[in-house]
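I have placed the structure first, in the form of structure tokens, so that the comments after it can refer back to it.
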Amino acid sequence: MNIQHVLESQQFTRPLLNELFSVTDQMDRVLARGGTQDYNDKIMASLFYEPSTRTRFSFEAAMHRLGGRVISTENARDFSSGASGESLEDTVKVLNNYTDVIVLRHNEVGGSKRAAKVSRVPIINAGDGKGGQHPTQALLDLYTIYKERGSVEGLKVAFVGDLANGRTVRSLSYLLGKFERVKLYFVAPDVIQMRKDILEYLEENEVWYDTVDKLGSIIPEVDVVYQTRIDKELFGDKADEYEKFAKEYYIDPDVVQSMSPQAIIMHPLPRLKEISPEVDNDPRAAYFRQARNGILVRMALLSMLFG
Amino acid sequence: MNIQHVLESQQFTRPLLNELFSVTDQMDRVLARGGTQDYNDKIMASLFYEPSTRTRFSFEAAMHRLGGRVISTENARDFSSGASGESLEDTVKVLNNYTDVIVLRHNEVGGSKRAAKVSRVPIINAGDGKGGQHPTQALLDLYTIYKERGSVEGLKVAFVGDLANGRTVRSLSYLLGKFERVKLYFVAPDVIQMRKDILEYLEENEVWYDTVDKLGSIIPEVDVVYQTRIDKELFGDKADEYEKFAKEYYIDPDVVQSMSPQAIIMHPLPRLKEISPEVDNDPRAAYFRQARNGILVRMALLSMLFG
Amino acid sequence: MNIQHVLESQQFTRPLLNELFSVTDQMDRVLARGGTQDYNDKIMASLFYEPSTRTRFSFEAAMHRLGGRVISTENARDFSSGASGESLEDTVKVLNNYTDVIVLRHNEVGGSKRAAKVSRVPIINAGDGKGGQHPTQALLDLYTIYKERGSVEGLKVAFVGDLANGRTVRSLSYLLGKFERVKLYFVAPDVIQMRKDILEYLEENEVWYDTVDKLGSIIPEVDVVYQTRIDKELFGDKADEYEKFAKEYYIDPDVVQSMSPQAIIMHPLPRLKEISPEVDNDPRAAYFRQARNGILVRMALLSMLFG
């Protein structure tokens, strides 16, 4: 299947997701052999309008594992600032002459789509704006579930924490809705519970879900716990309310104890205090393996874009 | 022919320019094959004392297309700042032990010459100081004219906009003066018209030129329109005067309509509002092809320096 | 011999130092052939929590000369700042999935050891904290002495300047103490003379040393003069005292004149005004050769870590 750009989760149909899983599995074997030099004539530009060193490193490591080359800036506002004032479109048209793929982190929602409209080379959206998309994160999360559990169908997945504002959780819920018999639990207090647009999408597509505010009751039943960070600042001067929720959803060895032996714990990272470091060595702690899957999925996407 | 450093436009004689054109043409064919790995044992340092992401990317992409390797900073003032206070000369002598070529963007006029004086490896001037040189820009502009039109001799070239302060336009005028029967039109209001030093050079070398302040009258006659950005700040509180000139020299589809079918429009980029984006798809709009020529010319210069 | 991480000078025993010298000698021959592509499947991360462009460039050039690949940031505080607040340990665990070696410059003493505790891939300490270690600098200094003089045993080495605060000088004194019959002269005014912990270590290990405050008397006798920078700020409002010492320990052609013809002058660089540039062309001025040895030693350490 042909993809031209990677702009948003919605572009990934089930057949395309299956192909992505299969190419990512291949990349796992490629990486085990120390990578490939197949793409040593390709150049990737990391065009970051705001710093995100972790995301940038993940893409750049993926490109290097494919044998490719990288030019990189976290200072891309230099293009559009002050006397320069160049439009994103012009910047992209110029870079089309320098590189074979552009990984774009933009500060405005929709930046990637604007870039793709004028670009001859593939654009990969590495996050655009606060409420925008970050599709490769959702894809690596989905791949992690598939790889850790063997398949996605029929799994019970609990999302925990700030579900209203986490774009990852929103995109992943959307993608999981494409798989049969999944059951989604949204575990959060009302103020940061999953928003209506996603819930309506799930209803329209007859995806089972439940919203709950306690973690304890559902923990023994689920196959995947997807933990997220609750932003203290959301609670303003109600710091005690934040403390209450932070405690309520904290994952420590006791919580893990009550999980199924095959269940896994995921986290998009960075972690603050949502998961005790004592949990890290439990085989169910999948969050650092998730980071490795990020390289694999990005290698797969790059190779699919190069064709 | 041997070149040791690339410091200023003036070092490029006609025979050297001919060789550069010929090597650049070769690089076009190399790039069409996906580049080369010939220089995979060479390291280039991007030593930028001030950010210029576009120029840096162009050099780094060129080095990668040759198979080479890059170490890079836009933070080179770190060397000479505060407690460190290292001289440019010492920094260059140290880097001589790390790399095979140094691309230097310095904040002081003459920085590149100072660097070259103590360097065993080639220095390429990627811009030094406000009024300083930026020779590779002038060379890629000249190559663009040659490539788009087949030769430079006998062409009519109109420079438009801020000719007093644009170092690119000054260097390119100088280089064009080396070719027979060229005719140069300098189209600008008096306050930002081409300065006397260049005009005197042209007179001494019997190069035909004219200074005019209207674009319309000469547009149908010329082979090349080299558009530049007029800096609003130059006009201080006379904002209405800026608006008048900006409108006067604006290139839109109507202006293009009156150009010869073989004429081309160039612009060093970034563009602000000097050329309507509606013009971009006209085959005469050469400014994005100019960016690609930047890679080719820099590949050629690097390969000539490596010998 | 196997090394897992490079964390501090103390881990280098005499046999390990001998092996390092021997591998570094090999790297000299590798570099003379234009480097190697042996490690083109390896990725190094430059993880710098504070900028140190010189150190970063040296490691990255070394990695490239081995054929390896680099991902790089001088902005690593991005990981631990603000909303992210990720622990160094988590950052390292994530990077373990991206790279084959991590070169870490951290802002806290002991950062490298904390990193090594959780890392599956080798950590190289590229400086941690003000009073912390910077072992590769001491190793390249030691290698320079060995290479310039043929062996270290029996040499007379004078350290000059700020011995109290210079971590390089402290680490190098420690390493020199492992070699037989070396004589160390510490040349500094009392306020910045070598601290007791190192002097006690030398006494315990029966290493000959002397503390003096005049340079002139010992200059003709020594084999190595290791010059350092005296920080003006150390003297607060006693600027005249600083001027006195700066003059006292200044190395100019007259001082060099009185040195033995085989003696060498070293400096960790950057240099401010401690050595006259007129000395640079004297064959005894070894400080720029030192920079080249930095590449060689780092190539050797990387190849030893890759095994």
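The letters A, B and C name the chains in turn, as written, and every chain counts its residues from 1.
The rule is short, and it goes like this: a residue touches a chain if its C-beta (ideal position, glycine included) is under 8 Å from a C-beta of that chain, and two chains touch if they have at least 3 such contacts.
This one's a predicted model, so the numbers in the text were calculated from it and none came from an experiment.
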So subunit A and subunit B are the same sequence; what rotation in degrees superposes their CA atoms, nearest 5?
120
Interface residue overlap between copies subunit B and subunit C, same or different (over half shared):
different
Which integer distance in Å separates the CA centroid of subunit B from that of subunit C?
41
Find every residue in subunit C that makes contact with two or more other chains and list them.
72
In their complex, what parts of subunit A are in touch with subunit C?
34-35, 37, 51-54, 56-58, 60-61, 64-65, 67, 70, 72, 74, 231, 233, 269-272, 277, 280, 288-289, 291-292, 294-295
Considering only the defined contacts, which subunit A positions touch subunit B in the complex?
40-41, 43, 45, 69, 71-73, 75-76, 78-79, 83-86, 89-91, 93-99
